[in-house]
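Please read through the structure below; I'll follow up with questions.
Naming follows writing order (A, B and C), and every chain is counted from residue 1.
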Amino acid sequence: MFPKNTWYVACTPDDIADKPLGRQICGEKIVFFRGAEGRVAALEDFCPHRGAPLSLGKVCDGHLVCGYHGLTMGCEGKTVSMPGQRVGGFPRIRSYPVAERYGFIWVWTGDAALADPAKIHHLEWAESPDWAYAGGLYHVKADYRLMIDNLMDLTHETYVHASSIGQKEIDEAPVTTKTEGDHVITSRFMDNVMAPPFWQANLRGNGLPDDQPVDRWQVCHFSPPSHVMIEVGVALAGKGGYHADPKDKVSSIVVDFITPETEKSMWYFWGMARNFNVKDQALTAEIREGQGQVFAEDTEVLEAQQRNLDLHPQRKLLMLNIDAGGVQSRRILDRLLAQEQLPQQPPAQAAALARAA
Amino acid sequence: MFPKNTWYVACTPDDIADKPLGRQICGEKIVFFRGAEGRVAALEDFCPHRGAPLSLGKVCDGHLVCGYHGLTMGCEGKTVSMPGQRVGGFPRIRSYPVAERYGFIWVWTGDAALADPAKIHHLEWAESPDWAYAGGLYHVKADYRLMIDNLMDLTHETYVHASSIGQKEIDEAPVTTKTEGDHVITSRFMDNVMAPPFWQANLRGNGLPDDQPVDRWQVCHFSPPSHVMIEVGVALAGKGGYHADPKDKVSSIVVDFITPETEKSMWYFWGMARNFNVKDQALTAEIREGQGQVFAEDTEVLEAQQRNLDLHPQRKLLMLNIDAGGVQSRRILDRLLAQEQLPQQPPAQAAALARAA
Amino acid sequence: MFPKNTWYVACTPDDIADKPLGRQICGEKIVFFRGAEGRVAALEDFCPHRGAPLSLGKVCDGHLVCGYHGLTMGCEGKTVSMPGQRVGGFPRIRSYPVAERYGFIWVWTGDAALADPAKIHHLEWAESPDWAYAGGLYHVKADYRLMIDNLMDLTHETYVHASSIGQKEIDEAPVTTKTEGDHVITSRFMDNVMAPPFWQANLRGNGLPDDQPVDRWQVCHFSPPSHVMIEVGVALAGKGGYHADPKDKVSSIVVDFITPETEKSMWYFWGMARNFNVKDQALTAEIREGQGQVFAEDTEVLEAQQRNLDLHPQRKLLMLNIDAGGVQSRRILDRLLAQEQLPQQPPAQAAALARAA
């Protein structure tokens, strides 16, 4: 139950720096590698000769050489050569549209004819020297939508992350959720509270006092298929909160790319982009370390939740106001999934249908 | 294939001393915790909000607070509160009759209307200062009835426990088995034999010589659903055996509560109650250590047996005289299971049916 | 999909030196042990009493005593005795024809009436003082036929074993494949090449220079059900290659017995027999160590290949000239399998059918 005609984050450049990477995405086993002139390629991870995973092989001269019998595969899925063989009649394997942008490798797992790199989710912070970014990857054995739910309702921070970013006031502040086209936004503002440990550290990291009341905010943005960008920050209380002058606040974007592996497992790319003290690499490392610990707490809860849901597949869950972010995001996913089931339409007609849905 | 309208041992007080315990029993995932005034509660381990296991949460003020979004659950399965929510319409979750008695937490996994604490298996030794008890818990991947078979036929001691409690004479002494109502008793008496190492240690522990012939006995008592209490002991030979004066013998009760987890796995609570030298805690610890090693040998055999039976589901096993204890115990279980399948009857009528069965 | 009316290597004498061995072969769980006068026996690994694996037991006086309740099983599958029981009516368990020959224990998993030790694959090197042998065993989670393919097409050495026995010239030399009855032979000759590291070591081991061009050969022999013997060697260039005088060459037989465990797993018995410097036990150990490392590389590829094929069961693989050895071997297996499906024929008629196939 995941849209396929869309761009997912597949991996980072580091993952393919030395050798090909085999990774299952949306149920498809794919090999990623750098072909001619360093361009990224993505192919079915299946050698047409005897079915060995091509990801066990090596890149030579911009082609991927199978590690079993040396079939040399081109970046488009056409066999280039094989020792002692004429390869003209070899069957193609599937190639996937792929793009490198914003420090990530993106893959399109659906109909290649519809793949347009312009549709890759724009990340303004990724291209600006005013921002620093660091993140990581977790493999989580749960439906990717459980992670969307998790991130679109930060109430859980009070409970799951009590020792780092949680605080009682999160619970107490109401949330507002709205949908704008394919974009869902959930916002929560907590005025005049004490910063929890993670934000105290960030205040110090930006040269601000950590022992004074702050105005805190969380604005979660869902975009299909499963990107959740969360504007988070604290400003010294009474200085304008979210709109405070940069010198009076610290703010970041929590970056979440959630890529389905199978129906019940995901690759969870998490990170944080910040626009203060961006040259301080020790701070970057410290934030990454802290975030990694916090987000590991989520993976444990989600895997336990998935096991519970598997035992009770018929059971209906509650949909409270705090769940509105997840609920509205899933509604958009359902619409996109329904569109993908339709017989293929000329784009204009499909757009009309989507508006009517 | 386990009766549900019955009391099973679920855990010990230690298991819920600091935090809730999630444990699957008779196929049901249950959370156990201490609620108001320290009373034990047992609920479905499923938060009605988003399905997270409640056992990941914490007890606060006698309620169980979900570790995901803070739903606060009462001991009867009714949501008490949740930050920012009106909870009146929240669906109940199932609560299970539960009781704390004899140093164990007991749960009733069937129809709550039939649960009567008076039906909890009586353990006279558990309430007397003349007895000492210690035990442990093993998780065993096998049908719980294989453990009943095992305990109701101690012939296996000669082979499985050759180095501790086994001795050739067990094999050679005939067993007698009888059923009295729902109670099955298998007895074996071995006169004028040398004590095996485990009993030599117990003789020394009670100040008796360990190098003289003894009369040894084993009397196994099965009671539904799956309790097996085994009177075991040795007396100096010719002093009256089972009926010998306490100064001439050492005897214990091997305590076995076998709680099904799933159709093919169990929680095996084992222990030993003794009425000699009961203040000697070092002896208690030593016996517990020895028994733990002996009973671990059984778990290995049972898991291998289960794997073999899974490969040969149609195959009929032998039912020899030594198997009579297990066979008669299973017959009682089959009758109880059949009764549970009947449309619900007024108790008197059900009793008549049971007698007719 | 494996023939059953055939001899497979089951284990080595070491495996049953101290205690019985339980091993699944062709889907059958079998216990191997040494019975009366040290003769090897093979029985269903299932005690007729309660289904425990007999392989958990012990051998006493030439019989196998079940480790659970002491049933004593004879080498033919007939219960010999049991403490306190009359065993005359106990059901037989299946016994398997078994033979010890050439340093291996062989088992016949099909119709016992057809088992003839004369059909055991003849190993001339195993009975001659002019040869030394050493080998090992790997458990591989893949269809046994993938290993046949692997061994009947050594092109893979260039890629899978690049650092030991692989060299580019393997790729470049053409192979020839022929079938003679049930015997498939694939040959490759590489003249005037430099020896790769494994062969350099062997040249030194036989007192020959390791820095001069050699003529190298590989002649793979498949025999049903799944034995692959590979004549391999190098001779100083121009001295006659395969036919060179023993003083100018080093040669060995790579020995592969591939025994299916289940449809998708195998016991892979690998080894090497050599007829040079046969008294040098340090060399024997060194070769074994090196071969073990090389063949472990294959198991990794095969398991990944199997996982890929499982995901794409419908997909057709290529059958190139280099695959002819595997293709022709599988054709023989298919014919043997079809013969086993036929209603049982008098041998003469079956042979006629086989010729017609």
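Here is the rule we use: a contact is a pair of C-beta atoms (placed from the backbone, for glycine too) under 8 Å apart; a residue touches a chain by one contact, two chains touch by 3 or more.
The shown structure was predicted, so the numbers you read here are calculated from the model rather than taken from an experiment.
Rotation relating chain A to chain B, from a C-alpha superposition: 120°, rounded in steps of 5. In summary, the pair chain B and chain C forms a contact in which the copies contribute largely different residue numbers, shared numbers making up under half of all those used. Separating the CA-averaged centres of chain B and chain C is a span of 48 Å. Residue positions of chain C touching 2 or more other chains: there are none.
Residue ranges on chain A touching chain B, taken from their complex, read 149, 153, 155-156, 158-160, 171-172, 174, 300-301, 304-305, 307-309, 311-312, 315, 317-318, 320-323. Listing the residues of chain B that touch chain A in their complex gives 29, 45-46, 48-53, 56-57, 65-70, 82-85, 90-91.
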